[in-house]
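Structures follow.
You will see two complexes here that share chain A, one where it goes with chain B and one where it goes with chain C.
Then we have the complex of A and B:
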């Protein structure tokens, strides 16, 4: 039996992305989240609305941040082997470490996002060491 | 999705013997640009493009071709800061540059061109814009052709990209 991987699908602006479920602490409303814990603008773009969020424990101290998304579209279980790396030239040229690879879902190429790296890269965040990229 | 391949059985090597050199010609930025024909494996229509976050403008995205995900290179953005419009009809040349396999997007594909060796000249001695990437200029019966040093183009693209960790989104 092949190893599987749980991925969370979410939408930011017009883009649909995937992330590993274990990167997310919970999903919920952003209404009561303090503004300093909200992550609105990221490499993925800016959400149309500020209603839903994915809570991520990104810091070494376990502090939670909430990535604002337009929709959490659900969880899918896929074969772990379906998670692929981007072609080297593409991954080398990106100014973000948040793109961990891609998966093909229903015939569409969907980028797999490292949520912790994405939150660490948010504007105004403290710089991180090069080796702090999540596996 | 494939449209054409360099014909087999020909010797398109531009530095081989014979009175003509073979190149693969694309229209980019309204001009005729070519590179060494053996670098091109096929010509395809671009499928749906997936945009990459935090990608430089000359890397408009990736697309799937026969199960393989390929980066798309917009030479117009790299050398002239002008995007080549990407539509469903847009075609790209798949090229191998050393370890890299990329799809070079174009306004249109002309295909193989033969240029008499005596018509090949050194490029202009400018170090800016597209001149920086030319290995030669030539002329065939359809007019002038600028010969791109494609490996240098790809290496420059890598060098100009902001490495992850050195910039913020």
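Then we have the complex of A and C:
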């Protein structure tokens, strides 16, 4: 039996992204979350709506931040071999360091996002050390 | 004369004397007989009567004859004289008449007392003639003037009569047209009266229709109010449904969120959580179905709200229109009442006009008849006027002729 990888699919704006399920603590509503814990504007863009949020424990202190997304599309189990690292050229060209790789879903390439890294590089967050970049 | 006694005494001598006497007497008788037939030329031979007692008688007879012849001669001379005077007078008169000179007096070449009455008579005749001629001249002048005036008047009269005849003819023609027009007007008036009656009937029907319309408008307004109430109730129900749907949607959203987290936890659990993930996925599908349904319900509620709003506006419009319809109906009712009154008056007036036009037609026909008679009379008058003009013209000519004739006589 081949090794699988569980990913969470979500949508920010017009883009669909994937993340490892272990990066997400839970999926919740943003209504009850304090504004300072919300992460709205990220390298993925700005969501159209502010209804769903992916709760992420990004800090070393375990503080949770909620990444505001338009939709949490669901969880999928894909072969681990389908998870690919970014080519060096692409890695260098991207401004965000939160892109951990990409997966191919239904014939389309979907970026695999390191949610913790994404939250950490949000505007106003403490600078990220180079060795903290996701693999 | 001798007495019979004397004759008896002288009988012897008497016998001879008696024979002579008879002869003498016979002679005398012969002469007297010639006298009796107007032959006064015979005379008795007085010598033969010498010694005759009839000598004196013979002398007396001859003297008488002489005297008578003298008287006859004198009478003949006088007759000749008078005849000459008469001839002169007649000749003078004829000459005066032919020459027309009445200025002088008659003067004869002879003078005789017997001619005095004649001269006086001729003078009186001439004077009378002068007067006549003068009067005739004046009369001719007046006649000429008057006849000219009569001719002018007759000509004017003829012209006027012709113009009058023409006018009367035109008037008659016009009256004929008027008669036709009156007939047409009478028919039209009758038609108008009929139409007015029909219009009156139609207006009464319209009045009934307006009353029915106003009743319908009242009913529409009531129905609109009921519909308004029903729409308000429906709107409340829809709002209630919206609230319930919101609750359901919230529940579905939470269910979706729970299912999503369940799937997330199942995935984190790896193979052990696979079944959990499948159930969570099914729950999530159901939640999404519910949310899709609630979304459709929301859309339907939105459509119902829009439809209700439109129905409310339509109902308000119906009420407003019904109110306006009632107002318009009231106005129309007032107008129809006025129209009915007006049509009633029109109908009455049309009947009166119809009667009047009938009378007018009858009167016009009478006028036409009278005009025809007047035209005939005028035609006769025109003919008479022409005859009068002709007569006046002839009279003028005669007056001129008379004046010309009178001019031949000189009186001054």
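One rule holds for everything that comes next: the second predicted complex is superposed on the first by the 133 of 135 C-alpha atoms of A that agree within 3 Å, B and C clash if a C-alpha of one lies under 4 Å from a C-alpha of the other, contacts with A are read in each partner's own complex, and residues count from 1 in each chain.
Just so it is clear, a residue touches a chain if its C-beta (ideal position, glycine included) is under 8 Å from a C-beta of that chain, and two chains touch if they have at least 3 such contacts.
On a predicted model such as this, the values are computed, not experimentally measured, just so you know.
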item	value
When chain B and chain C are modelled together on chain A, clash or fit	fit
First (chain B), second (chain C), both or neither touched by A:96	first
Touched partner set for A:26, first chain B, second chain C, both or neither	second
Partner contacting more residues of chain A (chain B vs chain C)	B
Partner chain(s) touched by A:46 [first = chain B, second = chain C, both, neither]	neither
Which superposed partner A:122 touches (first chain B, second chain C, both, neither)	first
Contacts of A:6 with chain B and chain C, given as first, second, both or neither	second
Once both complexes are placed on the shared chain, angle at chain A toward chain B and chain C, C-alpha, multiple of 10 degrees	80
First, second, both or neither for A:75, with chain B first and chain C second	second
Chain B versus chain C as contact partner of A:88, first or second or both or neither	first
Smallest separation of CA atoms, chain C relative to chain B, angstrom	25
Intersection of chain A interface sets (partners chain B, chain C)	none
Chain C partner contacts - residues on chain A that touch it in the complex	6, 8, 21-22, 24, 26-29, 51-52, 72, 74-75, 77
Chain C residues within the chain A interface of the complex	253, 257, 260-261, 263-264, 266-268, 270, 277, 281, 284
Chain B partner contacts - residues on chain A that touch it in the complex	15, 41-45, 84, 86-90, 92-99, 102, 104, 108-111, 121-123, 125, 128, 130
Complex interface listing, chain B residues touching chain A	48, 50-56, 59, 62-64, 69-71, 99-102, 154, 157-158, 161-169
